[in-house]
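Shared chain: chain A. Partners: chain B in the first complex, chain C in the second.
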Partner chain A sequence: MKAREFWILFAPSFLVMGGLLVIPLVRTIQWSFESVRYGTPGTFVGLDNFADALTDPRFGQAALFTIIVTVITTAILLVLGYVVATGIDRLTKSRPLVLGIMLVSYVLPNLVGAVAFSWLVNDNFGGIVNRFIGLITGTQVLWFTEQVPNAILIIANTVWHMLPFAMLIILAGLQGVPVELREAATIDGASPLQTHLHVIIPTIRGVLGFVTLISIMDVLRMFDNLIPLSPQAAAIGNESIMLYVYSVAFADGAQQLGLGSAINVLTILLILVMLTPFIRGIFKEAKVAR
Partner chain B sequence: MSTTTKRVSALIAVAVVGAVALTGCGAGSRTGNANATEVTCDYTAPDSATTVNVLAYNSSAIDPFTDTMVSSCTKDDVTVKHDPIDFGGQVTKTTATLAGDTGTYDIIETYGFVIPGLATDEKLVPLDDLFDKYADDYGLNDISESMRQGMSYDGQLYALPMQAQMFVMAYRADVFEELGLDVPTTFPEMMEAAEAIKAAGLMEYPIALPWLATADVSTSFQATMNSLGADFVNEGGDVTLDTPEAQEALEAMMALMPYMDPQVTTFDQPTVQQQMYNGTAAMSIMFSGRMNDLTLETNSQLADTFDFAAPPKVSDEAEYAYDRLSIDGWSIPFNTKLDHDMLFVMMASAVSEDASKASVPAAYPAREGMVTAENSPYGEAANESIAAAMPPIVSPVLADITNEIRPILVEVLTGSTTVEDGMARMQAAAEAIAG
Partner chain C sequence: MTLTDEALSTRAITTADIEGKGRRPRGRRKPPVVTGILLGILCLLMLAPFIWMTLSVTKPTNVAFANPPVYWGYEPTFQAFVNLWETTYFSDYLVNTLVVAVVSTIIALIIGIPAAYALSRFPNYISALLLVLALIFRALPRFAVVLPMYDITRALGIYDTTFALAIALVAINQPFTIWLLRNFFAEIPRELDEAAMIDGCTRIGMLRRVMIPLMGPGILTAGIFVFLFAFQEYLTALVLTDTSSKTVPVFIATQLGQTLPMLQQAGAASILLTIPVILIAFVAQKYLVAGLSDGAVKG
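Take a look at the complex of A and B:
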């Protein structure tokens, strides 16, 4: 390809990436060192915003909650995604139907899905799950005002929303595992569990790494599903980092854009730290493939 | 391509198209104006095609006025545009549009609580001259004098009053009659009634109040303090969150908790409405704009069992009712580039006599004597509520204080902070704002 053709084809992507990714990122970093209100130029405040964020117990709690939910959710997504993908991989005629049904939760707007999900445990709107639990145990679970039940609700909703994605990618990986490998394992006397643990999973390690990477990034940014699922998130310690940013920078007319930007910068660093092992793994695999 | 692959592709495509269509239905729809009242809207149109952007949250009480403005004032090359938005979205967008020299909106919906702050920051256009100029044409002098005062600051009018909302108590008349209960006029009487309803085995949580940990809960705290003749600040601007009234208000709120759903701090007004629809609560206190919904048979089979009354006082000794009077109106942002006369005429049309009449019973229009017991099922209760409300304390810092103390208030109500600790922290947080 000639240089001119390359630039003609590459320029639109370059402009879009620059406009939608680089400029906002640069502005976020700039604002994190400034005191900024809407429509007014910022004033440089050094590291004050970072100091405010890092000394605010609410930020610490939000970071802790976000990390815990991310780790648990990602683990569940990987295990459940693998199990479901393995099951679907065995289907023949009914596979398209099952896949289509499963995709519904993924293509629904997150907020809409979360509202519907919250009604499952909200007595005022039917609360079918709550009623069932009440029938069995005779107790009322406070899904929205107690930290642990609420965290379970949030994790369940996130898994419900993201499982189809994890399952689809893993399914694609499973279909790439050579049949000869499985047959060889069977001939060698490997049990089904051993085949999965020692043959299939190592073969699709890269795919699982990719699912982990995307899941971590998505869950770390969780925000809109908490609006219906955790109406008093801050009070019970179930506020995500993004919800915290929203409350200090936008909600109720708040205008601490500098503080919000500083928290975003810290979040980017957190995401990078959590993703480092997986990014390194992907680079290693790419190197080997070359 | 194999048959299976084709099927998978087709299913994925159908799912994606369906999701996009669903998203589009929710996100792109505009306020429906099919049944809007047509009124006169005579302004001098600009020479070129013009769009007037209106910011107003959607509710059954506000929509009649917004719809009238959109349908009556859109003509020739002038388009009045209003996109659906909820109250929280309006608050955020108001802050953003008023921030710089140019804004997104040309007419914004405002309410009495935020007028002092916006007026102090010179974010709104004073309307006195325009009011005088168009008063006769649009009968503006019939708009309640007290509501005009409620939308004024420092002697200047900053919003044209549209409608008011006040706390009204809705209760199950059939349950009260069956148990021989009187309509409660104080919090202790409310608790006695709730106790009787619980004892009769009719309901577990007979009282329903919107105490969601947002503006709902702080408004309720303010209403409780107002009943005792106090507010978050006094007339002199001093913070009063460590006073005996603040303590009594917090204790009074907490005393109601055993009679309400344990998750009450997650309940907004629609949820409280739902409790009434479902028959899981016998008494609720909400803003009047929510009351008409309770009377609609399409919403609940219990619609004909609801009756309305003025909200109770916190105690026998309390001076006022547990009440908040919120006046909604139209304002012109300082940074609009459009002609102020044209915008004011649009606002005046939207609150004209015909438009106001058509808004009853969904709304309580700002014009004098529009709502009565005859034309509104909750009209009498609303009028009594206005009479029983404490006159507002006007302060530009009240809105900010309300936001700042909210998390602490929720901690007190959920029992994670003691009343004394909470009061001390709220006082300190509010003093940091009041200076």
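Take a look at the complex of A and C:
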């Protein structure tokens, strides 16, 4: 294909992405060095916004909370995703039905899923889960006003929402493990557990890496589900980074755009660092393919 | 027996594999009873929030909020749906949500298909660069592009229009769209392009007459994903809309801190928003699975 043809075909998409992704992103970077309000030109303040962000204990708490939830959620997703994928791998006739049911929580709008999830434990709606826990342990769990129970609720919801995705990707990876390889392991006397640990998991490590990557990226950005699940997020210390950005730079007419943008830039840097191994991998593959 | 890493990774994974069709029969054929029961329980757990919500919404308001919960002996009612329809602008919000989803899907495909095709036929390092950019833009904190968009749409006077929201979602989802479509195009042999061009087709004519018909399933997959993303979107809609182009997820969120009947209406709205996506999960399952595994296994 000639370069001219390439650009004619690529131009519309290129213009949309350039105008609506790159220009806003540049604006965010510019704002992070400015004291600025919506609709007015800002004044340059150097690194003040970054200094403000990094010394703000509320931001520190939000970052800590976000990272803890991200790590725990990702670990649960990998283990549970693997176990469920192994189970579904053994199904034949009922597989489309099970996949369909599993997909429901993934295709639901995240916010709607979180609203439905919150009703399970919300006493205003009979809170069926709360009721069961009360019957078994005799105590009431304060899901919305205590930090740890609330964090557990948020993690449970995130796992619920992302499990179908993790499970499907791992299932796709399992299909790529040759049957001969499993049979060989069995013939050599490996127990099922050994086969999983030493044969199957190393074979699909690329797929597991991808699940880890997407899970980290998506949980770091969590926002939608906290609106119904943690109405008092800031007060109990369960604010996510994105929720914090929202509350300083947008909610209720908040105008600290510089601070919000600085946090966005910091988050982007964090994500870039985490993406580096994957980016290297993609370029290496492209070189091999060429 | 020696199996190298290459031998493992080059085995093509098809949708039929994941759906469980066309796999070779294994030696042992015991029906997996325990697995089946455990998965059955898991399915129930996965649906539990939605089932509980449906029950809560179809109870009369005084029963719905009773604690301890009332499980039976009440008259199921659709009053919450009627109230939702009559006392709020739900129908407007639903129309907005659908218009945004449909418009952004159509635009995303019209600009994404030629771009993905061009990238699939261009040297590898450009494709690699695109993959990296797609990954980075997919990972961006949404506010890093949406807050400037808010500023820009206000300056241009298109703030709070369905068009602004739709085009913003086109841009936000474009890297993913191109990435997915490119993977499908890459599977169509280049010889086919050349044959069509020798027969006198122009590039664009060939794209229209040969590629797009061949790409039917791929385009459908990308279309379903872009539609779902736009349909689900909360954050972007929250920032870029106010009253006249508000979407259903934003409406649901504003109902949350309100009175109990309004909460029940939020539940009713949630159910109405959920039913179409559940249909998609079952009817278009093949395409969802293909889209998810394609992005992962090849990317």
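In the analysis below, the second predicted complex is superposed on the first by the 270 of 290 C-alpha atoms of A that agree within 3 Å, B and C clash if a C-alpha of one lies under 4 Å from a C-alpha of the other, contacts with A are read in each partner's own complex, and residues count from 1 in each chain.
Everything below uses one rule, namely that a residue touches a chain if its C-beta (ideal position, glycine included) is under 8 Å from a C-beta of that chain, and two chains touch if they have at least 3 such contacts.
All values derive from a computational prediction rather than experimental measurement.
> Just checking: does A:253 make contact with chain B only, chain C only, both, or neither of them? Give me first, second, both or neither.
A:253 sits against chain B, while chain C stays out of touch.
> Quick check for you: in the superposed arrangement, does A:178 touch first (chain B), second (chain C), both or neither?
The second partner, chain C, only.
> Counting touched residues of chain A, say whether chain B or chain C comes out ahead.
Ranking chain B and chain C by residues of chain A touched puts C first.
> First (chain B), second (chain C), both or neither: which does A:112 touch?
both
> In the overlaid three-chain picture, which partner chain does A:61 touch, first (chain B) or second (chain C), both, or neither?
Neither partner.
> Between chain B and chain C, whom does A:144 touch in the aligned arrangement: first, second, both, or neither?
first
> With both complexes superposed on chain A, which partner does A:35 reach: first (chain B), second (chain C), both or neither?
It touches nothing on chain B or chain C.
> Regarding the shared-chain residue A:103, is it in contact with chain B (first), chain C (second), both, or neither?
both
> Touching chain B and also chain C: which chain A residues?
38-39, 92, 95-96, 99-100, 103-104, 107-109, 112, 123-125, 231, 250
> Under the touch definition given earlier, write down the residues of chain A that touch chain B in their complex.
Touching chain B from chain A are residues 37-40, 92, 95-97, 99-100, 103-104, 107-109, 112, 123-125, 140, 142-145, 231-232, 234-236, 250-255.
> Give every residue of chain C touching chain A within the complex, in rising order.
My answer: residues 1, 3, 8-9, 11, 13, 17-20, 23-24, 26-27, 32, 35-36, 38-39, 42-43, 46-50, 52-53, 56, 64-70, 110-112, 114-115, 117-119, 121-125, 127-128, 131-132, 135-152, 154-155, 167-168, 170-172, 174-175, 178, 203-204, 207, 228, 231-235, 239, 249, 252-253, 256-257, 260, 263, 266-267, 270, 273-274, 277-278, 280-282, 285, 288-289, 292-293, 296-297, 299.
> Per the contact definition, I'd like the list of chain B residues that touch chain A in the complex.
These residues of chain B touch chain A: 4, 7-8, 10-12, 14-16, 18-19, 22-23, 26, 88, 91-92, 94-96, 99-101, 212-215, 261-263, 265-268, 271, 274-275, 278, 280, 399, 403, 407, 410-411, 414, 416.
> Which bits of chain A are touching chain C when the two form their complex?
Counting only chain A, the residues touching chain C are 1, 5-6, 9-10, 12-14, 16-17, 19-21, 23-25, 27-28, 31, 38-39, 84, 87-88, 90-92, 94-96, 98-113, 115-117, 119-120, 123-128, 131, 160, 163-165, 168-169, 171-173, 175-181, 183-184, 203, 206-207, 210-211, 217, 220-221, 223-224, 227-228, 231, 241-242, 245-246, 249-250, 257, 260-261, 264-265, 267-268, 271-272, 275, 278-279, 282-283, 285-287, 289-290.
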